[in-house]
Each structure stands twice: as structure tokens, then as C-alpha cells.
Amino acid sequence: MFQNVVLLCLAIMSISVVLTVMRLIKGPDLPDRVLALDTLYINAIALIMLMGLYLRSDLFFEAALLIAVMGFVGTVAVAKHLLRGDIIE
Amino acid sequence: MDTPQWLEWLVAALILVGSLFALVGSIGLWKLPDFFMRLHGPTKATTLGVGALVIGSMLFFSAQREGISLHEVLITIFLFMTAPVSANLLAKAAMHQRLKRTERTRGEPWKQ
Amino acid sequence: MELLYSIMLGVLTMSGIYLILRARTFPVVMGLTLLSYAVNLFLFAMGRLNTGMPAVLGRADGYADPLPQALVLTAIVIGFAMTAFALILALRALGELDSDHVDGKGDQQ
Amino acid sequence: MTLALIVLLPLFGSLLPLATDRRGRSLCALATMLAPAIGMFLLWRHAEGVFAGDTLVQSLPWLERVGLHLSFRLDGLSFLFALMILGIGLLVILYARYYLAKTDPMGRFFAYLSLFMAAMLGVVLSENLLLMMFFWELTSLSSFLLISYWSHSTDARKGARMALAVTGGGGLALLGGVLLLGQIVGSYELSDVLASGDLIRGHALYPVVLVLVLLGVFTKSAQFPFHFWLPHAMAAPTPVSAYLHSATMVKAGVFLLARLYPALSDTDMWFFLVSIAGMTTLLLGAFTALFKHDLKGLLAYSTISHLGLITLLFGLDTELAAVAAVFHIINHATFKASLFMAAGIIDHETGTRDMRRINGLWRFMPHTATLAMVAASAMAGVPLLNGFLSKEMFFTETLQQHQFGNFSWVIPLVATLAGVFSVAYSLRFIHDVFFNGKPVNLPKYPPHEPPRYMKVPVEILVALCLAVGLVPAFTVAALLEVSASAVVGGELPYYSLSIWHGLNLPLMMSVVALVAGVLVYAWRRRLFEWFDGLPPLDGKLVFEQAVQGAVRRAGQFTLLLENASLQRYFAWMLIAALAVTGFWLWQVPSLKGSVALSPVDGVTLMGMLVLMAGALATAFWHRQRLVALIMLSVVGLMVALAFARFSAPDLALTQLSVEVVTIVLLMLALFFLPHRTPTESSSLRRGRDWALAGLAGLLVGGLSFAVLTRPYETIAGFFIENSYKGGGGTNVVNVILVDFRGFDTLGEISVLAIAGVGIYALIDGLRLRVPEFDSMGRNWARDPHPMMLVNLSQVILPLALLVSVYIFLRGHNLPGGGFIAGLITAVALILQYMASGEQWTTQRWGVNYHYVAGLGVLIAGLTGLGSLALGYPFLTSSFGYFHVPLVGEVELATAMLFDLGVYLAVVGATLLILANLGKLSGSRAARELL
Amino acid sequence: MNHLPVLPIVLPMFVGALLLLLARADMTFKRGLSVAATLAQIPIAWVLMNQAGDAVQVYAAGNWVAPFGIVLVVDRLAALLLMLTAVLASASVIYAIRGDDSLGRNFHSLFQFQLMGINGAFLTGDLFNLFVFFEILLIASYALLLHGAGSGRVRAGLHYVLLNLFGSALFLIAVGTLYGLTGTLNMADMALKVAQASEADMPILGAAGMLLLIVFGLKSAMVPLYFWLPRAYSAATPAVAALFAIMTKVGLYSILRVYPLVFGDEAGALAHMASDWLWPVGLLTIGLGAIGALAASTLNGLVAYLVVLSVGILLAGITLGSHDAMVGSLYYLVHSTLISGALFLFSGILARTRGPRFSVRLIAGPQLPGGALLGGLFFIAAISIVGMPPLSGFIGKVLILGSAGTGVQAAWLYTLVLLSGLIVLVALSRAGSTLFWRNDGVPAAGEPLDPLRMLAAGALLACSPLMVLMAAPLLDYLDATASQLLDHAGYIDAVLSVEAVTRGGGA
Amino acid sequence: MRLRSKWLPHPLLSLILLLTWQLLMNATSVGTLIMGAILGWVIPLITHVFWPNPPTLQRPLVLLGFVLRVLFDIVIANMQVAKLILGPTRQLQPTFVEYPLQLTHDFAISLLASTISLTPGTVSADLSDDRRTLLIHGLNVTDADELIRTIKQRYETPLLEVFECSRT
């Protein structure tokens, strides 16, 4: 049963990812895309956690943590790039 | 180690709620008419959704092993810390790019 | 799964190669990045596609072949170093030749 | 090894003139003469044996594998040539002592001359054919130096280059021929080769060998159509001409013809190739010589003609013809050397060689004139002089030929015709120079006799012409006998050297030649006019144009291939890769192997679709670079997820960290680069590129599918088994990285460190235009350091460092490790740079990342070195579990120390790259604040 | 325990890393350290040459035996190439310390890492490890090629780097496929596995093997993958270009190492699969190299094409496959590497002497001080590279041609080698007479001859007559090298029978 | 704070790090405590150069209450936002609101801005250059003044207490 719930969640998250990617492709502007990318990162955390639950393995915690960190840094970089061009000034 | 039934239910509920919140965030991202409005979806719903998921996972793995598993909470904390800053920077970028807003919007964004 | 994975590799490779064949440094570097993703995934898959078998002793019933994983790790790092170098070289070329054409043709503006 | 000594003495003797250059000209010349003089002596010591018909072979084994031995041979033929080379060489040295101007560096001249002499001696004295090739090419090289002695003159340079190209090129062909000969015979020793004539002639490769050898011979001996280089070699100082074009260089060709005569002759092919080449050359040279106004030009074409004569004689392929050929070699050497020297004297004294200006010199230098006239008569074949004798023999032999069938009369006709012109140009040399009115506008006037000793060599040579011509039996007979018998390789048939053989056809031919020659000379003005009306055909021009044309075409062709277009190079490489792999993949019976496919689940399908969409979007939108970059990071993220999905958490972690750093890097670069890519390639080109890309995709996808569906046996079990036992860790991937294959990792961090250093060097001194507007043409936003970001980054840094430590420490047993930890640290620091700026951060964090990167490599390396002390191989790890009170079991492994090195190298290299890149825009923020 | 095999890799690595730590130290000290470390490679290589003469030396890094760990394998061939590298590098670094090294940052560190990569590629017995060392030598070569920057270098460097990045991708795909089917990375082990591969796997293995050939071909600069080389080599600093003379040989070495072993006699359908391709490719490379040399407009451009040409000759020679051909090819390899190195150095000296206006462009230039000496040495180098006697090129060509037999192959080889010899002769005599003899009368604007630079170039050049004088012992060594190289079973046995050290081993 | 010194620059941070270490290790033992303590001591020593102007905590308990309130609000806010998103979006009333700040300390302002972003339908879009005004975008704001009042009362006041009580 539990496995099925996890699978259901995975399906929900898949829809979520698809919506996010649709926005990513559609844009229309760069900030939209960056926002979608940021969301995609967070969705990815969910996917990873769900996968861990499904496999009953906690080996994916670090990956999730790292996605959070890296997603943030990536978003900051792009946003900074949009604002100032130079991200390290 | 077997997980107690009630805990499984709880975890299931938590992750289901979390997933749904994340979905809401993504729906918002897709559905809302302008960038500034779309910004609200992911920054809140998705963050919370993932937060719920993480807590579910935390409970699950605490039951799986001896002692509790709390480190998942770090992810939630981290997301709560960073989401506002991302949103802030993206909003600034959007204002800088003078993105169109829905006509209903009151108030003015600032010049960057 | 194997077929899907292979198709994915094919598409990834195709996109990378198409970009490599462009005339400007930036797309080429992006193409190389895509290509290195494809290559890493390819190398990785040579240990076959395993589900739920991380090669951490005591954490799973079976273990995926750890060797390709280690190789990919090395390849990722090296690929990063190389991409970085190529990119900065592209900048240097921009500085020296005033062009981002891969052949340094001075046709800016 | 006295024979070797004869060769080696002038070789090393070439240093003597260099050493004595500053001590006076006479001493220099004397020093140069030392080696040939000793050589003469050594030769004389062997004379007895040679004249007794012995063949002396002295051999020192050297390179058995190559078949190259230091073996020398002295028989009649080589004795004759060595004698000429040394004898005329000595005379030329004496002559040159007076000929060279004070400003000409004499030491260098004599050094080259000595070198050349050594090379010639080597050619004629070698027993080993490869050794002979050694010297053969050395003659080309040293003559190149001699001809270009006056290198400031364009003619000298071009003449030398042409001579080198033709004779050196011919030498290469000869090398081919010699190698094949060696293959056929199984030895390069002349004794073996000469004894294997039948074997060689019967071999399928005989025609190839013959053509290759003849190419060497004809180029060297200036046979048509390779004759054109010789006249232009006249740009050399006259002593050089006197030496090279009488007794030596050009004679090397006919020498070889004589040398290999027993091995290669006696076939139709030989006859036709050699005799036709000789005949053509004979006539062409004689004819052209008449029209040369340049004194040396006349002699040059005369030389060509006489070489043609000798070649023709060898081509006639009878033993008597061979005797005649050898005889003419001797005669030509004496009269031509003296004529060149005479011409040199005239040039020396008048300052010009143009016969239209040089007239009536008899009045000014009767002594020289007499000598020259005698020598020229010998050249013309006037009776009582040596040239007459060999010419008579030649005429006789031309009449003995029937191989042309009904056209056999052609040979004597050509011979007579050449004789006519020979008489005519010889007459011109005498009449036009020494008589024929008064000199016209000479640069040096009045000319007078040269220094006494400058004439001595000419006198000696002319005396020889006379002596041989008058009393051949007492002078040359014995020498001719032994040398000619060495050529034919056995007993000689009867021949007579007497002057009078009765009133026979050859004599008639001589008379016709003499009379007609005088007539031709008498009508020369008409002939000159007619000749001037002919289209100019200068071999030099043709050659130069051919070379220039070749260079031009080579350039065009090279540009065609190497058009400096990376796109083209990539396409070449792709096509090559597709071709060679396609060749094999085409042969695969079934791409799919025996292993069943595993099922696809929805989430994975979705992930892969997203990945593919991202990849395609990157390619499609590459013109909008930032958009493409965002798509690229989608792909990066999905790749990480794929790693996680297929049981590789370590890879997922690594991919994630690397991906972000890469994106940051790309963005840093994008600041300076245009934000849009212009449309440059045609749709056809894009179509081609998509097609190539598609094929490459098929290749990679196909390979992957083929492998994934095939059964699998691997050494992986070993790693899983020994990871804990032998490596002390439960994360097998990490143990492979830091232990089983630590060497790879050591290399990998070296790559990182080098990249960091290399990039640092690239950034150093780089100046880039800082864009003042964003891609939409607006000013950049004002705020360089958003406050919320600054504050958050400060909070994150310590936390990230903590996480780094965590990831680092667990790496050995769980996913993580030094590399990922290093990237986390690096990313946290980069966040500081992004949030607060490069200067702000550098002020607070003045770490030299060079040190960090270097230290990382050093620590990792030193860890590996530690095991050496214990007698284990490099990089052997050791680990132990220690009980610490209160804490419990603690594992200490050298692998951790190694991993620390990795960590430092990663941090150092990454920041070396990124932080320095940040400096590129200078202190823009600071400037703006002012 | 004999640790010598690891030294040619580890020594430059340590010195390279140390030089990073000394980034701000006194230049004289860094130069001394770098030169000493490079010179030290010569005795190391010498001892290894002797050791490898007795038996193939196998060193199991990390004490993990083959095929599980990475082993270093020193056979005569590897040792020979180590020696060649050591000599070439010594001359290059000595040349560089007269100023070329300060044109950019961190020259000596990069130089040492470059040596690490090259030596590693020669020593490793593991295919993936070979990839790693390729990357080390590549990344270092990128940086060294760009040392001193300038538009020419950057332009050529961009192509060089990007093409090689693509090459690395192909390398990984090839290695991956081979691993995916054989389950091993050790070359000796892989040879056994390939020999046992099933019919259905053979074509896949073949495709992977050929992909690898493209990678090695790119490094070794064969047709149609050499296009990057002329511009890159002629753009590089002389010391770097001279060292790069060994780089193409790394590609050739890899071909020599991998194909006869893994796809050799035992490989069934795949036996000698590379040869069919390499033969025409080699011949084409000879032809195009010669044509390029004729067309070159600068001296170092010309020399770069001579490098290409020599690759063609070597490919053809290697493909002949016989023992004798191998001996000849190895001799020619040593010869061509050293002499093209010398020519690059001379070219650098000449450029300095002629001054920046003329550099080594093949146009009339100023009157050269010491032109006779320089011209003389150039003349000797040219003779050697053309393959004229009495220098090493002649012996090399004689050996290779002599081993070609008298068949169709020989016809092609003779024709191309001899014709290319003629073309190069014309090209070099044009170049030499223009550079040293034609002058427009103005005195040189450049520098006087530097004795140390001359020594470096002269030392390399001196190897040519030395290789003739010492030809007998050298050929003996090469003879044994070829035997060892063709004895695949011996190699495999040596690699796979190496044992782990237990209990301290006994040093 | 007396504890703050050259050798222990940020005691609070050290404590947080010690706690985080326990979280990361997913266990608490003597070993993890020792290690956590070491890291909690060393890392601030290394990183304190990046903290030029650290905040001073006056009332930790108030902070705790604030955190709990915010967490509660986050949950509520999300419910509301979910409703807004899923419902008809045409009736939404997006608004930019300029919020006058009382807080002056950088860190506190950041905290407030973050809080606003995490809670009901608001996102902190920008901070004025003089750091006196915060620009907030509301997803559905009917009364801007009401919003300002709510924020001031629920969030800014406690933060003022925690970080800048001396000035309130």
C-alpha cells in the first residue's frame, strides 16, 4: 500500500515537473524560465526523496540537500547575471 | 525493521500532501498570468510541499533505523532560508527587465 | 529501459554534436558540455542500468558495478576542467581577436 | 684500412683550411693539399696490385641489419677515378689559390672542396652500395655548398638549389634502386652485386631497378632531360666548375654506369634507355654549346655533350664501347679541366666571360692562349691530341650497332653531327676569344697573363692531353686496360690505341666533322640569328616555374584542406569516426543482444523526455545564449537525477556540484560574449550538420543499445569483495577512487590543478571590453550586492563548510568524498564572491589558490609516497581502526589523507578559475560607486 | 621493491606541484629546479631501459594487481620513449630558461605536468588510465601552447583545444564500449577477453577499437585529423613546439601499444583491423605532409609539416607489421622526433636573430650575425630530416624501405617516401637559401645568438650523427624492442602475473 | 556578550553548527559532540572575516516564538495561496505595496523580508537603496494598508525586539 502511495506521489510530481518544464519552454521571458528552473530543482528534491522512500534507502539524502544548495546558487547566478551581467564583480 | 502501520499512514499522508502542494506550485507557475504572480507559486507552495515531503521521509527513516533521522530537516530549513532570496533576486530581475504585468496590478515596480 | 536510455543518449549526442558544429565559441562549448553529459551517461551505462543497487556495502541486496561509476566520476572532473579551459580560451580569443568566431574571424559588428 | 683513409683524410682534412684560414692564403692552400697528397701516396702504394689486376676489398662490418658496412674497394675503375679526383683536385687547389679574390673566404672554400673530394672518393671507392649512397648524396650536398659559394648572388643560390634538387632527387631514386638491388641480391656488397648480373636481369623488378638507377645516373651526369641544372651550376667559382664538371661530380653518374655495367647491362632495355638518352644529350649539348656567348656556358654544354657521348658509349653495350667510354672519361677530364681553368683565367683577367666582348686576347696573353687552343683542339677531336683517339673509338663503335634495325644509321649520323658542332664550338672558343678583332669594353683593361702558378695546373693538364694523344701506349694504355677491364668485368677484347688505323669510315667521319665544323663556324652569324629567333627554352626557367607552380599549387591545395575552419575539421573528424565505426557496426548481425529489456516506468520516462527536451531546446535555441544555457542546466539536473535513479548517488552528487560550477562559469563568460549568435550558416549547412549530428547520435545510441543488451562479465566483483577488507571503506566507488584506482584520481586532480594554472595564465593580461548595456540595450541594474543575498551568503558559508566536512568524512563509507566536499566548499566561496564581490572577498580571504591547488596535489602525492617507505608500491593505502575512549571505534586511513589532497586541489583549482575570472571586469562596481 | 617505474610520473608531478607552491619564488630557483628535474629523467630512463632489457617490468600502483588495479608496464619500448622524452624535454627546458619561460605564467610547473602526462601515457598498462594521462598531457599542452598568448597562438590553440575535447569524448565512448563488453580495463586482460569474445560482440568491439583509432589518430596527426597541427605547432613558443615533437608520437605509441596487443593475431575477425586503414592513411599523410611542407610560408610551419610527414612514414612503417619494419620505424621515430625538435629550436633562435619583423617567414631578411654557424647547423638538420646521408634520417629511411620487401606495398612506399623526400629537399633548400643567404642588406634588428639556446638545439641535432655512429648498439636495442613488442603473450603474461607485495616486500 | 572574543567570535553560530552537525550525523554520541564542538569552534574562526557586522540577539525566546508563528503562518498561507491558484485567477488583485521599514539592521531586514516572502501571498520584491522601504508584491491584496499593518504587527515588531530592542 505504502509503495503505491509513493508511486502516486511520484506520478503527481511528474505532472508537476511537466508543468514546470512547460513554463520553462514557454517562457516567455528569461525570469520566467529561471523561475521555472528553480522550481524544477525543488521538484527534483521531491523526486529524489520519493525515490528514497520507494527504495527504502536513505542514501539519497545528500543528493537532495545538494540539489537544494546548487539550485539556489544557480538561480542566484542567473538572476545576478540578468541584473548586472557580471556575476562576480 | 518493520514500520508500524500507523506511521506508514502518517508518512503516506504527509508525502501525499507535500506532493499536492508541490503540484499546486507548479500549476500556479503554469497558470498565473504574469511573472510577479507566478513567483508566488513556487516560492511558497512548492517549498512547503517539499517541506512536508521531507518530514514524511524523516519520520519514515526514523522508524526504519535505530534512533531518529532528523537530518532531512536540514533540507527544509535550507529551502526556507533560500527561497525568499531567490524570489527577491528574480523579482529584481523581472523589474529590471520591465516585464509586463497584468493590467489589474496596482502599484508600480521600482526602477532597477 | 535500455532502448529508451539509448535513444536518450542518441538525442543528447545529436544535440551536442550539432552545437559543436556551430561557428561561435559559446554554442560550441555548450555542445561540448552536452556531449560530455552524453559520454558520461554512456560510460556509466556500461555497468548496465541498475535500480536500487548503490555500491555501498550493506545498504542493498545487490550492487551495481562500481567501476564505471568511478570512471565517470573521474571523467566528470576532467570534463569540467576541460570545459572551463575551453571557455576561458574562448574569452581570451575574444580579447585577442575581437571575435567569438571559432576561427577568430573578425566580423564583430 | 688504407682505402678508408683515402676517403677520411679529406673528410677530416676539410677542417684544416678552416683552421689555417687566417694564416695566409698559401698556407691555407697547402693545408688543403695535404690530404689529397697523402691520398695520392696511398693510392700509389696500391698501384702495383691494381695494375696486376687485383681487386682490393677492405671491409669493416658495421650495421649487419641494414646491410651497411664500411667496406671499400680498389680495382682498376676506382683507381682511375680516385687518381683523377685526387690529381685534378690538387691542381684545382693550386689554381684556386690564385683564382679566389682577397675578399672571398678561402678557408670555407677549401673546406667545402675537401668535403666534396672526400665524398667523390667515397663514391668511387665504396664496395658497399649503401655506403656509396652515403657519399653519393654527400657529393650533391657538398656541391650545393660549392655552387652557392657566392651566396649573395641570386644566380648562385638558384643554381645551387636546382643542382641539389635535381641531383639530390635523382639520388633518392638511386637509393630506391640500390635498396631494391640489395633486396634482389641479398647483399649490398659490390662483389656480390656484380656477380649476380643474371639474377638481377632475370628479376621481375629489373626494369624498376634499372629506371631508378638510371634516374640517379642521368641526373648526376646531366643527361637529357635532366641536363638543365648543369649550365646554371656555372654560377660557381671557376675552380669549382673545373673540378666538378670535368673529373668529378658529373662523372659520378657515368662512373656508376661503369660500375654497375656488369650487373645491369646487356639487355634491350639498357641499350635503348642509355643509348637514346646519351644520343639526345650528345647532340643537344653540342648544338647548344655553339650558341652560348658565355665562355663557361659553352664549356658547360660541351660537358653535357661529352657526357652524352660517354653515356651513349655505355649504352651501345659492347665491351669495346665500354673501353672507349672509359678512355673518353679520362680524356674529357684532362682537356675539360684545363679549358675551365683557362676560361677562369680569362674571366679573372678581363672581368667578363662574354665572348662578344672578349676578342683578340692572343695579343695580351699568348701563353694562356696557346694552352687553351691545344686543349680546345683536344675537345674538338683534332688528331695528335687525346680527344681524337677516344673519338675515333667512339665513331668506330657507333658503326657496329644494329639494334636499331633499319634505323641503325641514326647513331653514326648523330655522332658525326655532334662532331660537327663540337668542332664548331671548339673553333669558336679559339677564334672568338683569342682572335676576331679587338676586345670590346672589357671591365679590366688591358688584360695580361695570370700569375705564374695559376697557369701551372693548365700546363700540366695540356701536357697530358698531348702526351696521351701522341704516345698513348706509353702513357694511358695500362691504366685504361685495368680500368676498362674492371668495367666489363673480365678480359678485354683486342683494341688499338694507335693514332693511325688506316683510311676508314671512322676517319672519314672525323674529317667530315672537322670540315663541316669549320664551315658551320664560318656561317655562324646566320646561325646565331636563326637561333635567336627560336623561342627561348631555358631549363632553369622551366624548372623555376615548375617549382613555383608546385609551391603555389601546394599552397592552394593545403588551404583547401586546412582552411583554418574548425567546423570543417570537426566535420572531417566526425566523418572519419562515423566511417570507421560504421564499417564495423554495419557487419553486426543484430544490434540487440541476448539480454532481455527491462521495463520502463513512467517517472523515468518523464525524466528522460525532459532531458531530451532540454537537450534539443539547447540546440534549437542556441542563438539566444542565456535561454540555451538555462536549457543546458535542465539537462545537467536531469543527468544528475538519472545517476541517482540508476544507483549512483556519488555520481549524482558530483554531477550536481559540477553542473552548477559549469553554469556559473558559462555565465561569467557570457557577460563578455555577445548574447545572441548571428545566423551564419545556410539552411543547407544546418541540414548537413543535423544529419551528421543525427548519425553521431545513432552511433552512440546504437553502441549503447548493443552493449546494454549483451551479457556482462566484469572484474567488479573484486572491488566489492575487497573494498572493506582491503580498502577499509564501504563506499566501493570511493574506495576505487582513492585506493584501487588512486592513480587515476591523482591524475584527475593534476588535470584540475593544471587547468586552474593554465586558466590563470590565460586570464593574466587579458583585457576585455566590459559591456555597458545588457542584452536588451538597457543599463545594468544599480545594485551590485543585493543585501538579502549578502546576508544569506554569510550564513550559508559556515553551514556549507560544515556540510563539506560531513561529506568529506563520510565519503569513504557512504556517498561523498573529497571531490564533492571540495566543490561544496568552492561553491560556498563562490557564493561569497557573487554576493559581496571579488574585491570584498579577496580582502578578507587572501588565499593564494595556487598554493591550495599545489598543496592538494602534493598531499595526495606524498600520501602515495608514504607507502614506499614501508616497501609497498606507490599509493598503497593502509588503514586501521583505533579505539578512542568515549568516542569509540575510529577509522584512520591514509586514503582519507589522499582524499584531503583531492579536496584541496578541487577547492584551489575551482577558485583559481572562478575568482580570477571575476577580476576580469575590473572594479566596475567600485567605479560605479564613485 | 623497485620503485623506479613510477618515478618518471611522480617526479614531475611533485616538482610541478611544488612549483605551484613556489609561484612567487625567485625565477632562477624555479628554473634550476625545473631543469634539474628534467635532466634527472635521463638517468632514470637509462636505468629503466636496462631493466626492461632483462624483462618487462610491471609495477602495481597501490599494490593492486592487474587487472584490478592500475599497473605501470615498462618494456623496452616504453623505456625508449621515456628516454626520448627526457632528452627532448631537457633540451626544450634549457632553451626555455633563456627567457621563453617568462612570457607567461607558471611555465615550469606546466612543463613538468606535461612531462608527467607524457611519461604516464607511455607507462600505463590500463586503458582508462591512459585516458587520464592523455588528459593530463593535453591540458598541459593547451596551456603550454598558449604560453605567451598572442593572436596566432590563441587562434590555433582554440582549434587544438576544441578538437581534442571532442577527441576525449570519443576516447571515453570507446573505452566505455570496450569495458561494457569485456568487463576489464587492463590492456593485457582485455587482449585475452577480446580473443574470447563471441561472434556477435566482435563488430561492436571493432567499432569501439576503430573509434579509439580516431582518437589516437588525432593525437598522432594522421589524415584527415592532422589539420590542426601545422598552425598549432608553428604558433607555439619554440621550446614548447620542440617538446610537442613527442606528442604525435604519443598517439603513435598508443596505436603501437593497443592494436597489436588487443586487436592482434589472436583477435579473430578483428585481427589487425587497424592496419587496413592505417596503410592508406599513412601514405596519404606522407603525401599531404610533403605538399604542406612545400607550401609552408614560415620555417616553423615547414617543420610542422615535416612532423606530419614523419607521422605518415611511421604509420606506414608500423603497418608493414614485420619485425624489421618495426625496427626501422622505431629508429625513424627516435630520429624524427629529435630532429624536428632541433629544427623547432633553431627556428626559434633564427626568429630571435632575424628580429620580429622578419621572424622565420621565408622572405629575404637582414644580414645575420653568426649566420654561418646557424646556417650550417640548419643545413645539417635539414640533411638529417630529408633523409640524406650521412645522418640518421638516411638510416631510418633505408631501414623502413628495406623492410618493405618487393611487393605492391613496397612500390607505394618507395614512391611516396622517395618523392616526398624530393619535395622536402626542394622545400628545405628554398627555405634555407632564403633564410640564410638572401638578405636585404640591413643589419639584423634581432638579438645575438644565445649560447645556451644554441647548446640546447645543437645537443638535439648532435643526436643525429650520434645515432649513426652508435647505430649498431641502438639497432640491437631496437631489435630486441621489436621482438618484445611482437611477443604479446610475454607481455600479457608479465602483466597478469605480477604479484602484490606482502609484508613490507623488501625494498 | 562576554563570550564573544577573538577565540570564539560567534558563540551562537558555534552552537548552531554543533546542532547542525548532530543533525547531519543523524545521531548524537560523544564522538559527534566532540567533532561538532571542534567544527563549531574552528569554522567560525575561519569564516568570521566574512561577518563584518554580526547581529546581536537580545531575546532568544521571542525569536523562538516568532519562528513558531512564522511556521504556522506558512502552512496557512499555503492553503490560501493554493485556493487562489486553483480558483479562478481573473479575480485576483495583484498589487505592489511599499512597506516602510522600522528595522535598521541589515540582518534583521533580511529576516523580515524573507518572512514576508514565505507567508500569505506576498513576496519581498525589493529593498530601497536607503533601506527604509520594502517593495512587496501581493498576489491578491484588497487593502494595502491592512497588509502593512499585519506585517508590522506580526513580524516586524518581534524582530525589533529580538535584534534592536535598545532602539524600540
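Some notes on this structure:
Per-chain residue numbering starts at 1, and chain names A, B, C, D, E and F are given in the order in which the chains are listed.
Basically, a contact is a pair of C-beta atoms (placed from the backbone, for glycine too) under 8 Å apart; a residue touches a chain by one contact, two chains touch by 3 or more.
All figures in this text were calculated on a predicted structure; none of them were measured in a lab.
Shared contact partners of subunit A and subunit B comprise D. The chain pair with more C-beta contacts between its two chains, of B-D and D-F, is D-F. Each chain gets a centre from the mean of its Cα atoms; the one farthest from the centre of subunit D is F. At the centre of the protein atoms shown, by the Cα-centroid criterion, sits E. Subunit A and subunit C, compared by their mean Cα positions, are separated by 21 Å.
Here the spacing of subunit B and subunit E, counted between their Cα centres, is 57 Å. Taking each chain's centre as the average of its CA atoms, subunit A and subunit F sit 23 Å apart. Taking the mean of the C-alpha atoms as each chain's centre, subunit E and subunit F sit 62 Å apart. Multi-chain contact residues of subunit F (touching two or more other chains): 20, 24-25, 113-114, 124.
For subunit A, the set of residues touching two or more other chains reads 13, 17, 30, 34, 59, 65, 69, 76, 80, 82-83. Across the assembly, subunit E contributes 128, 132, 135, 139, 142-143, 146, 149, 155, 158-159, 162, 166, 173, 176-177, 179-180 as residues in contact with two or more other chains.
The list of touching chain pairs reads A-B, A-C, A-D, B-D, B-F, C-D, C-E, D-E, D-F.
If you check the complex, the residues on subunit C that touch subunit E are 20, 25, 28, 32, 35-36, 38-40, 42-43, 45-47, 67-68, 71, 74-75, 78-79, 81-83, 85-86, 89-90, 92-93, 96-97, 102-104.
Against subunit A, the residues of subunit D that register as touching in their complex are 602-603, 606-607, 610, 613, 617, 626-627, 629-631, 633-634, 637, 640-641, 644-645, 649, 652-653, 656-657, 659-660, 663-664, 667-668, 670-671, 770-771, 774, 780-781, 783-784, 786, 789, 796, 800, 803, 807, 814-816, 820, 824, 827, 830-831, 833-835, 837-838, 914-915, 917-918, 921, 923-925. Those residues of subunit D whose C-beta lies close enough to touch subunit B in the complex are 774, 776, 778, 781-783, 786, 788-789, 792, 795-796. Here subunit A touches subunit D in the complex through residues 10-11, 13-14, 17-18, 21, 24-25, 27, 30, 33-34, 37, 40-41, 44, 47-48, 51, 59-60, 62-63, 65-67, 69-71, 73-74, 76-78, 80-89, going by the rule given at the top. Residues of subunit C that touch subunit A in their complex: 51-52, 54, 56, 59-60.
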